[in-house]
Amino acid sequence: MTHAKEMIDTHPGTAAMDADVLIECIVACFDCSQSCSACADACLGEEMAGHLKRCITMCLNCSEVCTTTGRVLSRQTEFEPAMARAALEACAEACRLCGEECERHAQDMDMEHCRVCAEACRRCERACNEALSAVGA
Amino acid sequence: MTHAKEMIDTHPGTAAMDADVLIECIVACFDCSQSCSACADACLGEEMAGHLKRCITMCLNCSEVCTTTGRVLSRQTEFEPAMARAALEACAEACRLCGEECERHAQDMDMEHCRVCAEACRRCERACNEALSAVGA
Amino acid sequence: MTHAKEMIDTHPGTAAMDADVLIECIVACFDCSQSCSACADACLGEEMAGHLKRCITMCLNCSEVCTTTGRVLSRQTEFEPAMARAALEACAEACRLCGEECERHAQDMDMEHCRVCAEACRRCERACNEALSAVGA
Amino acid sequence: MTHAKEMIDTHPGTAAMDADVLIECIVACFDCSQSCSACADACLGEEMAGHLKRCITMCLNCSEVCTTTGRVLSRQTEFEPAMARAALEACAEACRLCGEECERHAQDMDMEHCRVCAEACRRCERACNEALSAVGA
């Protein structure tokens, strides 16, 4: 349960894009940020952590890009489309790279935390791309 | 919907504290982080933003302390109780201060975003205090 | 005085780009992150804070994008050019937008903290663009 | 070279504590944040990364606590001593734990990046403790 929808609904201004698209993107960013931090740590806890260095790195990067993007989008008072686009593009790319890496380990090594994390990444990548369409080019 | 529970459930190690307490604390931290970023921005969007400087500041501080704490707790492989305690204590205090400030504006100025944010802060303060008990002194 | 150069020099791997360009970019990102957090707060402390809402917002966004980018670049073990490019492009844009906004207040309102912050933003924008050239398209 | 001193000097308000102590603490926090992110990555790049899991974790935690604390201290307009104390105490503890861990590897395994990072951690721990004295109990 999160308060993101209520926070957008009670904002004194008008959301700069479709509110449902905005809320889903903010929620997906914070969720993916947590999943990626947890997946980096779960990979570190695996016996074959040495084979998961790229996954750990993609997860750490993605986690931070997601929080940053979730915060940029949460700022609606002086929303700047160029800033939102730049953050969303970086976030979609971080989620794509991290999702692909996690997906690989979910399939090859049967790593369940990577499967869950890949799911969070793909959801966030999709939400960022939808927000990008909503912001306009 | 968040993936926090699934991420803890699929971690290769054993959670350093009761899993339900841990998951609720992580979810509350990331939720409160988002609410506080959004509330700082909503306050900035109010006509009387000049009267909300303390609220904006408490929200910005609380938002970052919450993400940091949510990440520290998400790291279970080499969980260090002394680190967890330090982060949880700072987070409980940040949430208490921010929650009180938001509560005041919810009552005095009827600010709905402050009411929602105060709710997220109190939930997170409670979750941090329960996690503190679970970690042990 | 920072330890960034020593950290890159003692890394077990080889930097993925010219070390001087990398170090300057990392240092500029962390410096700009601090300046922007401080400038957002200084703007909030001005009597005419109500006229500085866009500046506060650009500063908050830029501060976080800068830390995230500084961390992405600090990760050299499994350096992924596509991730670095995405972060650097977002950061150059955040610094450009924030630098222009701060520059305006430095000139029109004679705000010294905005002048200093604009300097940090322009330095970081330049460093990101040089790192982008070094990473390759 | 950083702009932290100029940012504090040009702030419209009066610093809530001795300016030199404040500036050194802010600079040390952002420096330590970068060193710890870089050290976590350098440890991951070592052949015996599997033996450095605790060091990687302490570094990741310390890096985030440091940025958060550096930002909390950068906010001087509505400075709240209770918030500053909570952040500084968490940061001093994070730096102590991370500094001890890095120091161990600097000595036992002759890891140069851990030696540099331990230096950044000890400087930041000291700066946090001095800022704590300046804030008052």
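We call the chains A, B, C and D, going by the order they appear; numbering starts again at 1 in every chain.
Everything below uses one rule, namely that contacts are C-beta pairs under 8 Å (C-beta built on N, C-alpha and C of every residue); 3 or more make two chains touch, one makes a residue touch a chain.
Given the structure is predicted, the values throughout are model-derived calculations rather than measurements.
Visitor: For chain A and chain D, which third chains touch each of them?
Guide: Joint contacts, listed by label: B, C.
Visitor: For the two copies chain C and chain B, is the contact made of the same residues on each side, with over half of the numbers shared, or of different residues?
Guide: Mostly the same residues form this interface, as more than half of the numbers used are common to both chains.
Visitor: So which chain is the furthest away from chain D, centre to centre on CA atoms?
Guide: Result for the farthest chain: A.
Visitor: At what distance in angstrom does the C-alpha mean of chain B lie from that of chain A?
Guide: 19
Visitor: Quick one: report the Å distance separating chain B from chain C, using the average Cα coordinate of each chain.
Guide: Going by mean C-alpha positions, chain B sits 27 Å from chain C.
Visitor: Which parts of chain A, given as residue numbers and ranges, touch two or more other chains?
Guide: In chain A, residues 41, 44-45, 53, 56-57, 60, 67, 71, 75, 77-78 touch at least two other chains, as defined above.
Visitor: Taking the touch rule as given, give the residues of chain B at its contact with chain C in the complex, in rising order.
Guide: Going through chain B, the ones touching chain C are 40-41, 44-45, 49-50, 53, 56-57, 60.
Visitor: Under the touch definition given earlier, write down the residues of chain D that touch chain B in their complex.
Guide: So the residues of chain D in touch with chain B come to 53-54, 56-58, 60-61, 64-65, 67-68, 71-72, 75, 77-78, 80, 82-83, 86-87, 89-90, 93-94, 97.
Visitor: Applying the document's contact rule, which stretches of chain B touch chain A when the two form their complex?
Guide: These residues of chain B touch chain A: 1-4, 6-8, 10-13, 26-27, 30-31, 33-35, 37-39, 41-42, 44-46, 63, 67, 70-71, 74-78, 112-113, 115-117, 119-120.
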